[in-house]
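Here come two complexes built around subunit A, the first alongside subunit B, the second alongside subunit C.
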Partner chain A sequence: MPSYYDIDTILAEEELIQIRPSFPFSHLSHLDPESSNRKRRRVDKENVGNSRTSIRGGGHVLEEGTKIKMPMWAVDRWVVLGFVRVTLPGIYGSKMKERLLADPVSVDLGSKNSHYFLTGLLLTSLLQRASQIAKRHRSRSASSPASQLSNLAQSLQLSLLTTMMGERLRRNFDWTLSALDAMEDDASGHVEKLSFLEKRMFERGVESSGAVVRWRDGGCGRIGGKGVMKGMAA
Partner chain B sequence: MASSTPTVSFFGHTPLTPTQSISTSSFLAGDESISIIPSFSHPNPLGLISGTVGPFRAGMDTSVPLWLAVMLRKRKLARIIPPHWMDVEVLKEVLRFERDPREANFSPLLPFRHAEISQSILMACKAGGGDCEIVDGDKIKLLLEDIATVRMDKIRKNVHTLSSQLLSRSSRVQPIIDVTNIGSLEMHAVKSFVVESFRMHRELSGTGSAYSDRNVQDGSQQGAAGGVEAAGRGRLRASRLVRQEEEMEVPRPLEEIEAEEEEDEEMEEDDGGRSRLRRHR
Partner chain C sequence: MNYGTKARDLLLELKSSDFLPTYNEEAVRASLAEITHHTDELTDLVRAANRQQSDAAEGTNTSSSSQPQIPIESRPSMLLHDASIRRNKRCLLAYHAYRIDKLRNLRWETAGTLPAHIQPLLSEAEIDFFRAYDNLVTSTSLYGLSDYNSDMTPPTENFVMVRVVEGGLGKIETEMCGVVELEVGTMHYLPRGDVEGLLRRGALVQLSGEEC
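Up next is the complex of A and B:
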């Protein structure tokens, strides 16, 4: 599961989150890709008929409510402290939830976001932390939407749980039991649609059921000391 | 000779691959007691590490570990008396029990390592040659395969039921799967997947590792006491680029900060050569 040094966790935290500052951020206008175009248009309007073309003054502020997208790891602290308002990525939005409720097995999570569940787990944790801190500072800052964050976190958590532990889990389990029994059944079509965590479950299940099938067919040989000692040393 | 509880793993907590686990299970099945009729006599008991076996008297049945029985059978020094459950009628009864839709559990007539024991005995009789003391050995083998198939299907249905009723819901109560009377081989086949499923359920329910904070519904009852501690759990708490959350969230009174700075200055005057970085918090 998530760990500071885990590559998959690092990759999962690269997911872009749409945020909107709760107040103007100084010297961070460069975070908004459209800010330079807006500045140019504003200067052009102001300097119509003038020869001056320099852009100066008041252009380094990221205005309140500006929509920007940043990786989750970069906005973690801002979200927790309530500096920004967060919007869930589209893959966790209502349309995706409807598709997953209608037919969870057919949704290709492998291509949409291979770290779908891991990212969702980290996002849920982030929203819950922000909600808890917002509750503590309720008397100090009336703008902290603690209940909104809490509801968002709960609905996301429930969506992830229902998706992963429901029909997709059952189908994954069936494939692990039958992957090695029927040689004509190709599991690659099923595996392509799986997220990283589901693939890991599938691989472990196939390894176990495959070991049983091999044992039934050929028995087991002598237990080698080398392999076991290597495992103990590791 | 039914062994209802599995023995402790010889390798303790050493992580084993599935292949190694099954090999280990087969090895441990060799400790099961089985009756043989030796064709030799040995008046003195044999002192082994696991215990004493014998004395052996030709034509008189005696109880020995399975590994010894297999070894003697392969050398045609003994005939194995199959366990009571390795009988066509008993296995048919077990198969009927397993196929009964009203029975959600597994049949208690088979021991935990019945697959390993039966395979060892059948292979030993085949390797030893001569008249096989296992009557209808092929039928027994087919019945055992049918039983394994039906039990695996039952496990599959149980996991499906668990998934639809318990795992896909967030619950503070940990879901439990009943595996009473399950076989060793069946357990090895599904253990990795089921254990991983339960672990994922704990993580997604918010009762797992450090990245899963408690459900917010309980957070409101914990109040401020649990808020900082729960909020402190997170990836960036370990980051050296971020200060402690308590310092960032709760503004300290100016008097307190000034008092600390005065203390630091006093300590630096005493210490002389120490770094000044302590003053910066």
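Up next is the complex of A and C:
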């Protein structure tokens, strides 16, 4: 797994995930933008004098099943412990998968999420951890959240692998061969659509292409001893 | 939800800068204040939950020796505060680690001289770190282990062809070539060890065989 200090990993965890609580959450009604409107309507209806409403367990409650979006890092423990039900973000959903299958090269991953693959990797890891924990508690529950989470993780993993190692990778490598010749081909249009990982692969590919060209221009020669070594031997 | 946004913005500043952005003390303080706020909230929640359980245990006359269980409805908020504390901490550590790594590399590139255009970007602590790191490397060199400032890249030749690009260098005294006048635009074939420092500073530019 990436380093604790890796900035790209930290930023990749900012991706918003849609979740729904499996039971009421105390003290967290502020996470739902609509909750303050519901509270006001309830206060007017009940003609209560003060502004505090629906106190249960000592705080404002986020109701069960409320749809909210939160960063991946914030809901990590909730997902692993089974406190919430998870819906994959749109960029990893079925519509996006269909678009990537139909024409993977034309999809602009750079604008949708620059850390598309890294976020997907972290999300897969999260779902797998949650599935393993849910498997240990399977005797307590009639439904099988473990299998749902496991299927979700596998499906996401397959989608990421297919996207990364398919036509997009081939096209990326093709562009690295011609990127050095700015007069012939302008790679900027291609690079704009790339995710962060693909851009780094592109840059490494261009460096490699340049190294091959320099090596070819250098021609053949005899390996000799450098002046420094000769001076040391004397 | 705006937890961890200041800390995240610090990292985005790093990503968008060429070398280092100016040290953002305000955002660092705001992140530390957020950590304190979440710690206080978490402490209050735990106390309230324990108090609630104790009251419930007294009411039903159950034994007080057993560990009170925190109600499940209260746990998600505690976990969220804990996650926010860890998140802010991680972002702050990553921010400072990135800057420190840059300064360490800068020391090797400049042989201990802090460039004038870099100094305004640093905090007082970072400037102190740079100097302390430079002193550490220098003192290690003085113990005779190795002269770390001598070569930027593995040496291949004893002599190098250089062109003078900075004025006001005057004359230098070399071991093998005697006194050499370094006027702007002139080229010289000099011992590598005698001009390494000027090359590192950018006062001289090393020429390859094709440029001579």
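One rule holds for everything that comes next: the second predicted complex is superposed on the first by the 196 of 234 C-alpha atoms of A that agree within 3 Å, B and C clash if a C-alpha of one lies under 4 Å from a C-alpha of the other, contacts with A are read in each partner's own complex, and residues count from 1 in each chain.
One rule holds for everything that comes next: a residue touches a chain if its C-beta (ideal position, glycine included) is under 8 Å from a C-beta of that chain, and two chains touch if they have at least 3 such contacts.
Model, not experiment: these values are computed from the prediction.
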Practice problem: Name the chain, either subunit B or subunit C, that contacts more residues of subunit A. | Solution: B
Exercise. Considering only touches as defined above, state whether A:Phe117 meets subunit B (first), subunit C (second), both or neither.
Key: first
Quiz item: Looking at the overlay, does A:Thr87 come into contact with subunit B only (first), subunit C only (second), both, or neither?
Solution: neither
Quiz item: Which of the two partners, first being subunit B and second being subunit C, lies in contact with A:Ser208: first, second, both, or neither?
Solution: first
Quiz item: Is A:Gly166 contacted by the first partner subunit B, the second partner subunit C, both or neither?
Solution: first
Quiz item: Looking at the overlay, what does A:Asp76 touch: subunit B (first), subunit C (second), both, or neither?
Solution: both
Practice problem: Have a look at where A:Gln148 lands relative to subunit B and subunit C in the superposition and call it first, second, both or neither. | Solution: neither
Quiz prompt | Touching partner for A:Asp6 - first (subunit B), second (subunit C), both, neither | solution = second
Practice problem: Classify the contacts of A:Glu14 with the two partner chains as first (subunit B alone), second (subunit C alone), both, or neither. | Solution: second
Quiz item: Which holds for A:Leu158: it touches subunit B only (first), subunit C only (second), both, or neither?
Solution: first
Quiz prompt | Residues of subunit A contacting subunit B in one complex and subunit C in the other | solution = 4, 73, 76-77, 81, 227-228, 231
Self-check item: Contact set on subunit A toward subunit C in their complex
Solution: 4-7, 10-11, 14, 21, 23-28, 31, 56-59, 61, 70-71, 73-74, 76-78, 81, 83, 226-228, 231
Exercise. Give every residue of subunit B touching subunit A within the complex, in rising order.
Key: 11, 14-24, 26-27, 119, 123, 152, 156, 159-160, 163-164, 167-170, 185, 188-193, 196-197, 199-201, 203-206, 208-217, 219-220, 224, 227-228, 230-231, 233-236, 238, 242, 245, 248-249
Quiz item: Which residues of subunit A touch subunit B in their complex?
Solution: 1-2, 4, 9, 13, 73, 76-77, 80-81, 117, 121-122, 124-126, 128-129, 131-133, 135-137, 150, 153-154, 157-158, 160-162, 164-166, 169-170, 172-174, 176-177, 197, 200-201, 204-205, 207-212, 214-216, 219-221, 223, 227-228, 231-232
Quiz item: Along subunit C, where are the residues that touch subunit A in the complex?
Solution: 1, 3-4, 8, 11-12, 14-15, 45, 48-49, 52, 71-77, 79-80, 82-84, 87, 90-91, 93-94, 97-98, 155-159
